[in-house]
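First the structure, then my questions, so here it is.
Chains: A, B, C, D and E, in written order; residue numbering restarts at 1 for each.
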């Protein structure tokens, strides 16, 4: 589904991603962890072309994201993304948020579009909020809407960038519940950047550990948490689990 | 004293009020249209159009309204037959459009970049994301500063008095030249201007507080 | 400064004598009468020279040193400034009218002016009667008597007022109206400068100019009148008329001395 | 023919006008900055009664055309015994008007510093005024620099309005020059446009420079 | 040290604190928990007069905070406060941040002032950052500076309002370490609003649980966590410990 080969990414002269080699298979659930500034978000954002890569090859669903011939807008309909700050459209209602992209990108008919949206809102437990605006909902609710908005495009893969770190602690659970369901579904390839170690342990098949723009470890979940290979990862784990 | 000025001069005062309102409304419409065009020019990725947009905005922002007005009145009017009212109003629209362009651009720039990203990540292209998501929010964010520009525009319409535009300020000069009571005459005219700008500025303050509060 | 305004309440002449300065309001935009020269930055013209001569003469009469000082005024602001005591006297091509005589005191006339018309050379307009139709626009200057008289002579025409002479002239040049009207002498000023316009139809009113002081300043008014009489007799006046109006095509300066 | 407009005499005269334009601007900027800052602080601090009265005055004045204030100062204030020449009247009218505009900018700048900064200071035992002086004002003034400069640009442009009371600043002088000969109109417009543009664009570059430095 | 008697607080018509009765003794360490919007911050902020109370009596160090005769500035020198967003002075260096209030409020001499500041910076592990500006430091570092700034005033009590919730997870540990040291020190009365349950369990003597502007539970730490009395507290605990 996703394949990085010797990918490099620079911000100006800053080398943000070093020699990334990584393959993620269809239906896999992978968690990406590492200290702040290690390049997790950057890596995630290269996958749907929100950031360009300077060298190497990055294949997503068989298409080369780095190539100027690739239609990024088309590719993005297959790769959903959920952001730390939700990024719901503030000027649209919940229902409109979900229906906008299917309508103008997929040209999905109104009736079907609405039916899909309502079913998804049901699934994330927010069927009663369809006519509200994002600012009228709590963070946890907004994030679940954002997930529904991604699902409405019938993506093959979904990227989560710290989806719970902007939430009040009591809101985290409801969002993680929705995410667990997605992770468990083999129809979706799921890639999650998170600091929720319990969640990572519970749902992921594999853990990628990054530091300083490099992938330091790439291991099955149990193996990573039980026997981290690098000193850097051990230190990191001890810090986040410290309290 | 003030009552006497009102009763003696109700006709020129009413005329002046009408011309001031007329110039303000026409100026507003003109500058909104032009200002939006300038703003869109300034924001396009196309470098030539962007350069022209920026140059026009900088040009009109940095020279006095009076100079533009006089130019229309004594030079342009040789080519187009326009009287003082139209010369003043056109200058007003052109001058204000530069400020309106900046307001709109500022509004769009202050929309959270996450809004554009959120839309792009779902496969919308730049234009779709701009028109559906970013621009509507940008306009809303620009409302308070647009309102302030409208107040400035009303005040600046007094420029018409330099070119016999028949507006309030022109009438003030005619009236005080005749009754030799500039003190009370200008107070009366001031009240007329406040009738226009005052309520608007109250509305704008409310709006600013409201928008500021919800964010 | 406070002392000065106190003194003026009582007697302008006294103030002039004690401060040794006589402050004149003069035009800045009126060719031949008061026009700022970019060279000196000062107004120059017949009015200015008359004001100088009168000041010098009053100095002689009162036996004190007095210097003239000039403040530029516009047609609409000259009475204001006189009433506000921002100037002591005005020499600004000011027509003597009963209306104005209620608020200021005039000297005896010092220039025989009358209203006339300035049109483009190719204009069909020959006199004021040609303009008495609804689609005609006549350009006047804000605050001048010409606005009223024009309405009497051409009641059907539209009259618009410009803030000053040069803007009125610009308006005529740019086709804002069919003719510009104001005093003949001022119009001659424009025609002597721009070959594409001419004065037509002669004068249709008799509205001489006077020097003005604030209402009630009779002492100063007397001194001004006396000084004016003296310079008319000693040839100064004639010299100034000749200096400013000697070379105007179509105008015999000797007419002005009658 | 048109180039004759740029004779040495005319240029000398016009540049003298630019001097007056800049002179009026600089004096008004200094006065209105001082008073505007004072007023802005009073508005921000919400001093009982005083701030409300000031707010009313500020709102009245800033909603009037500057031109009206110029006329009022020159023609009407002498009735109250305050007699000013055209230069002084312009400076007074502009200083009053711009002080009110600047007070709003300073108040906005102080508000943009954020409540947290003053709470941080208060919770270490500083008084309201100490917090204002040491913490809020330095940051508030810094945040105000770009809008202040825009306001100064307006001020420079608005000096041209004093043409109405025969202040012989640059715009007035250009009219004197093209009054000599209509052929001088276009050259004069071009020249004063360029001069205003140079002065104001320099100011706006300064503002952009500050903005870039502040955002770092 | 701190005593609330029937304290009421309103924001306009909104009743933010209901009948607060609470006593905190010298040297005690108390943790305040509860759902978002329950009034925790409000309660904390009344203690040093950042919020006024409308009724009831609130004694701090023997002085009535509600009384207009009390010199709040004086009182605040005895009650330090640490904020969620640090609130360091952005226009001052680290050293100036710490030295400003002692200098102008306590009139502490320059030499002593600097010595105290340096000692405190040592204590929070940031002696090498004295000439930087706050924006040049990480959140965790800024928060430790903020704590040092409070300590520089030699306060009797320190109030912490969610001091770690704006921090990256790896930064939390270093701040909690400093806080633990303060909590353990009997010279300071410590009141902490936090969502870090492990920290609460480890350091506090007592837990106050608030909801809807009321104090629902006030119990020794072990007792509260083992046997919360109210349904509301049980539900809250299950939510925040959910993952």
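Basically, a contact is a pair of C-beta atoms (placed from the backbone, for glycine too) under 8 Å apart; a residue touches a chain by one contact, two chains touch by 3 or more.
Which protein is which chain? UniProt says A, E = Amino acid ABC transporter ATP-binding protein; B, D = Amino acid ABC transporter permease.
Computed from a prediction, not measured in an experiment: that's the story for all the values here.
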item: Clusters that remain linked by touching, subunit C excluded; value: one piece
item: Any chain in contact with subunit D as well as subunit E; value: none
item: Joint neighbours of subunit E and subunit A, given as chain labels; value: none
item: Best-connected chain pair, where connection means C-beta pairs in contact; value: B-D
item: Centroid-based (C-alpha) most distant chain relative to subunit B; value: E
item: Reference subunit A; chain at largest CA-centroid distance; value: C
item: Approximate Å spacing (C-alpha centroids) for the pair subunit A, subunit D; value: 52
item: Interchain centroid distance [CA atoms averaged], subunit B/subunit D, Å; value: 19
item: Subunit B and subunit C, separation of their C-alpha mean positions in angstrom; value: 39
item: Overlap residues in subunit B, where contacts from two or more other chains coincide; value: 74-75, 161-162, 173, 176, 182
item: Per-residue multi-chain contacts in subunit D, two or more chains; value: 75, 79, 164, 175, 185
item: Residues of subunit A whose C-beta touches two or more other chains; value: none
item: Touching pairs - complete list by chain label; value: A-B, A-E, B-C, B-D, C-D, D-E
item: Residue ranges of subunit C in contact with subunit D within the complex; value: 1, 5, 28-29, 35-36, 38-39, 41, 71-74, 77, 80, 84-86, 163, 166, 169-170, 173, 193-194
item: Footprint of subunit D on subunit E - complex, ascending; value: 48, 50, 73-74, 76-77, 79-81, 83, 85-92, 100-101, 104-106, 146, 149-150, 153
item: Subunit C to subunit B touching residues, read off their complex; value: 76-77, 79-80, 83, 103, 142-143, 160-163, 167, 170-171, 173-176
item: Contact footprint of subunit C on subunit D as seen in their complex; value: 9-10, 12-14, 16, 75, 78-79, 81, 83, 85, 164-166, 168, 173, 175-177, 179-182, 185
item: Subunit A-touching residues of subunit B, taken from the complex the two chains share; value: 112, 114-115, 117-125, 128, 132-133, 136-137, 140, 214
